[in-house]
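The two complexes that follow have chain A in common; it is paired with chain B in the first and with chain C in the second.
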Partner chain A sequence: MTKLKNAMRYLVLLIAAFFSLFPLYWMIVSATNTSTDVIRGKLTFGTNLFQNYQDLIAVQNLKMAMINSARNAILLTLLSVLVCSIAGYGFEVYHDKYKDMVMKILLLTMMVPFAAVMIPLFRQFGNLKLINTTIGFMLPSIATPFLIMLFRQSTRSFPRDIIEAARIDGLSELGIFLRMFVPTMKSTYAAAITVVFMAAWNSYLWPKIIMLDPDKFTMPMLVSNLIAGYVTNYGVLMLAVTICTLPTGILFLILQESFAEGITGSVKG
Partner chain B sequence: MKKWISLMLSMVLLLGLAACSPSSTNTDTKKEDTKKEETQKEETKKDEAKKEDGANASGQELTVWCWDPAFNIYAMEEAEKVYNQKNPDSPIKLNIVETPWADVQTKITAIGSSGQTEQMPDIFLMQDNAFKKNFQFYPDLFADLTDSGIDFSKFGQSKVAYSVVDGKNYGVPFDNGVVVGAFRVDLLADAGFKPEDLKGITWKRFIEIGEQVKAKTGKPMFGVTTGDPDMIMMTLQSCGASLFKEDGSLNIEDNQVLKDAIAVYKEMVEKGIVQEANNWDEYVAGFTGGNVLGTINGCWILASVQTSKDQAGKWVVVDMPRLYDNDAKSTNYANNGGSSWAITGTSQKKELAAKFLNDTFAGSVEFYNTILPSSGAIATYLPAANTDAYKQPQKFFHQEQKVYEDIIEFSSHVPSNATGVFYYEAKEAVGTALVGIVKGDDIDKGLKAASDEVKFKMGQ
Partner chain C sequence: MKMSLAKRQSLVGWLFLLPATLLIALMSFYPMLQALILSLQRGTGQQLQFTGLLNYQRMLADPVFKTALKNTFLYLGIQVPIMLLLAIILAVLLNTPKLKFRALFRTAIFLPCATSLVSYSIVFRALFAADGFMNFILLRFGLISEAINWLADTNMARMVIILALLWRWTGYNMIFFLSGLQNISISVYEAARIDGANAWQSFWKITVPLLRPMILLTAIMSTNGTLQLFDESVNLTNGGPANTTLTLSHYIYKTSFVGVPNFTYSAAMSYVIFLLVALLAFIQLKVGDTRD
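Take a look at the complex of A and B:
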């Protein structure tokens, strides 16, 4: 009976795994095939990878898109994690009678879709002369309610005794944050880095509007350029998608373990 | 750990400074220089005859937004060469920004609504069916070209009509979207039909042929994308009708032509003459893979048809079937897709941009002769039709058919119709209704619902 139960469990998991892994498999396989083969649904590796790469760099500036995407994503990740962790820590550790109200308002802003604020934001950034700048791309997403909440939740499990003890030992408030809190919360940081990096790397709408200069274009824009024509070369498209997925995939694999811990909010004391 | 923190902080600081400080302009210029060098190298590779790299440096620059490197962008690059040959004393440099259509629309919406008009390019490409809607919302973004010197009478008039508002011209027509039927001759022959059997016929006859083809080969005549009412829109236009009346009011309920077109479509789906594909890719795979006999679409679909090189000699291009047998208004010709160039109304270089378009897209037969063979970009510029490039037999097609000549011939017969400001909204609503009607919903109820939905969006 237990054997049957186990077998059923594995069966369900296998099916689920198949559905999540198949698109990835198909993406990688298609990157090595010709457009016609992709359309015909060929599921085995082909020999067209090099040709696809040649075709891709002939029509798109892959190097520039990768550099732009990497610079935007890394910068935004570092800034965002720094700002949000300080905010989350502050919300939990310090007391103020309005802080819960402020937090609620912050969370409410999560409910406003980006499309609704896009035009006022564009207008504001135009007046501030921030169009076509990296800072213009980053500013709207440096502080996100989700990350602040994530850090606030994990600060809850951070022992207060440590803070008290450090204060008695004469450590400054910033010192406590940097020397006590940050090292303990590595897994939360890993989770936050993964989330922000993925969002920044994949973000499309805002950079598309604010980065009007062709020298500022990013990987998602490159991918979207490939499907805009009357004829789409699917082999090339899939290769571009694969290349675009690699950095986030690698980052996720590296931080996977801490990511799971960080999201569930556990602390290694 | 201290090291780790300080490293992180200094990284943030450094990168932040590098990105935001004015010194970044230096790196940017350097980058630009290297990029310029790269493109110059590419250009010399592409065109060895063009040796005067320096000539462009002194010229004025025009920024252009358009999509598709193999088609529109390529055409613009060639136009730049043609213009500079015509005007060696005052050459221009084009800064072409590859921008997919959906993004052109998003950017125009953002810029138009926020008033940041200095962010617009000098020239942009606009889908014909979206022209009037964008003009209505953001009239400032479109320059009036009526008195710019461009001779609009040299273009197909149904095509010019897309960018005319209140008798004024706001766009220079570019690529042709005239509807063609492209079919596999070998598969037709399997069912005992010749290519001539498909020319100049009615939908009724087409269905008769389709039934026999289906019985003998088991294959549908052509494919469509589910929920995409392109077929209906083409049939409407072939009768000079649309979802709007001439005065711009909605014409979905009690539109007899629309009802007849839907009835034909429904019959074809039920009899298996039309195959409904789930998405565009599946649709293209249908005719390139030989699962259906062909396709009926704007002539730009021929670029996709010709991707299967192994099928050379097996394709024929014919006109589309007409809806009514004895009605002068009902023709075998319609338009689907296509786009026109617009000049930004707030641009400082309006005159230069107009002169550029006038010397190339609206005034150079050689230009169209150059772009046709490499890109298949078929002109709506009528004088181009009399040139050699358009009269060349095409090896890919059955008996080396002179397809381009035929297509230009088709386009001179396309009736114009009222596209209306809310074209896409109406089309989408009809598409939704169509899915229900094909499944068995009542046609009147379906169209009533579609009509109500569009009226709501139009604010009526």
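Take a look at the complex of A and C:
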């Protein structure tokens, strides 16, 4: 009985793992096959990878989209983590009833759907000449209540004695944050960087609205543009999707624990 | 003039949270206010006039809006409960003591959320294309006699979106439950077993109640996400066939940025999403917070 139950357990997990991995396996394999082979259901690696690549860069500016995505995502990640970590630290270390109130008000914006702010932001950014700029791409998502909460929660585990000792040693408040807090909280920073980078790399709706110039297209936009035609070359399409997925996929595989900590960290008490 | 130490520190604290607070005020609160004003107006460009609730009245007679709203609730009502139950079951299985290959199973099930929403939408679109892999495999095993045009049929297309969402988000939610399960001590289950409870009873009587805070949290997050579905609607079905799988965010995007822009009507629709998010979160908090 227990043996059967144990076997069932593994069976369910195996099925779940299979269904989770299969679409990704199919995506990668298809990137190496011709469109005809993909349609014929070929599930093994082929030899058409180079040809698919040639066909892809013939119709889409892959290099530019990669550079745009990388620049946008890296800059946004750095700025966002900087602004939100110092805010989360500030809300916790210097908290008083007014700052707590401000935090509660900021948390309300977790309920604001992006669709509700994108139209006013688009009109405003048009007036401010921020269309087609990296700053325009970044501004709406630099500060998020989610990330501030993550840093506020993790600051709770940062020993107050360190702050007091550093003050006695004559370190300024900013100095304490930069030289004591940041190096100590490496794992929280890794978690935040992973979550923000993945979201920034993958973002689609806002770049689609604000990056109107084809020279500013990002990877998700490039991939999405490939399905606009009537005839789909599945090999080329799956190669583009694979390339778009590689950076976040590799980051995920290396920093899986950080990512898990990042998505759940803001809610742990 | 010299400030007291406490006052000085408090001021430094304000400076630390100023950039983030200002950004959220300017990028969330201010545009929300503008959207509200916009939603009460009519006209194009700078020539806007207040027309009261006309935009909101228009929604009641707009069949596309009604379909989009219906789709959203369909995904919410079917996909979210299935996903959360699956996520809890998988988390419980992964939490089995002395489980072999635990890390491998976890990574595999968690991996889908490393893909971008556009990417996985397109992979599913290709898998479920008329000449796609699903038809190939089903025909090969004789489960169907002719290819199904999944994405050309309203209900099939909705089902594909639900399947895709389950694939992308089940592992993500599972991580929350795994983290919640770590706070439940094994001895609780042992005590229950001694009292004669079977696995089924312990699941519903111990695991689910103890995971309640996590269930509440994931339910609110999923509701919020479902109400904002966009990438899937655009890239998997393109809202089709004939706008029947369109989501609210996709419809708002189309109304604002495709063809003749109608920002004021879009703003009104976006406020409906906002009110729904707030209302559903409020209901879930009320229901989820009842302490026995």
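What we mean here is this: the second predicted complex is superposed on the first by the 245 of 269 C-alpha atoms of A that agree within 3 Å, B and C clash if a C-alpha of one lies under 4 Å from a C-alpha of the other, contacts with A are read in each partner's own complex, and residues count from 1 in each chain.
FYI, a residue touches a chain if its C-beta (ideal position, glycine included) is under 8 Å from a C-beta of that chain, and two chains touch if they have at least 3 such contacts.
Computed from a predicted model, the values in this text were never measured in an experiment.
Superimposing the complexes on chain A yields a three-chain arrangement in which chain B and chain C clash.
Of the two partner chains placed around the shared chain by superposition, chain B is the only one that A:182 touches, whereas chain C remains out of contact.
Once the two complexes are laid over each other on the shared chain, residue contacts for A:117 go to chain C alone; chain B is not touched.
In the superposed pair of complexes, A:57 makes contact with neither chain B nor chain C.
Judged by the touch definition given at the top, the superposed model places A:215 against chain B, while chain C stays out of reach. Contact with both chain B and chain C is seen for A:224 once the two complexes are overlaid on the shared chain. Contacts of A:78 after superposition on the shared chain: chain B is touched, whereas chain C is not.
Judged by the touch definition given at the top, the superposed model places A:234 against both chain B and chain C.
Shared-chain residue A:19: touches chain C; no touch with chain B.
If you count the residues of chain A touched by chain B and by chain C, you find the higher number for C.
Contact with neither chain B nor chain C is seen for A:128 once the two complexes are overlaid on the shared chain.
Of all the stretches 2-10, 92-100, 110-118 or 146-154 given for chain B, the clashing one with respect to chain C is 110-118. The intersection of chain A residues touching chain B with those touching chain C, taken from the two complexes, comprises 39-41, 118-120, 122-123, 205, 208-209, 224, 227, 232, 234.
Of all residues in chain A, only 35-36, 39-41, 59, 61, 64, 71, 74-75, 78-79, 82, 118-120, 122-123, 126, 131, 133-135, 178-179, 182-183, 205, 208-209, 212, 214-215, 221, 224-225, 227-232, 234 touch chain B in the complex they form. In the complex of the two chains, the chain C residues touching chain A come out as 9-10, 12-17, 19-21, 23-24, 27-32, 34-35, 38, 89-90, 93-94, 96, 99-100, 104-105, 107-120, 122-127, 129, 131-133, 136-137, 140, 167, 171-172, 175-176, 179, 199, 217, 224, 227-228, 230-231, 234-235, 248-249, 252-253, 256-257, 263, 266-267, 269-271, 273-274, 277-278, 281.
The residues of chain B lying in touch with chain A in their complex are 1-2, 5, 8-9, 11-12, 15-16, 19-20, 28, 31-32, 35, 67-71, 95-98, 100-103, 106-107, 109-111, 113-116, 119, 281, 284-285, 288-289, 300-301, 303-304, 307-308. Of all residues in chain A, only 5, 9-10, 12-13, 16-17, 19-21, 23-24, 26-27, 30, 38-41, 83-84, 86-87, 89-91, 93-96, 99, 102, 106, 109-124, 139-145, 148, 173-174, 177, 198, 201-202, 204-205, 208-209, 219-220, 223-224, 226-227, 232, 234, 237-238, 241, 244-245, 248-249, 251-253, 256, 260, 263-264, 267-268 touch chain C in the complex they form.
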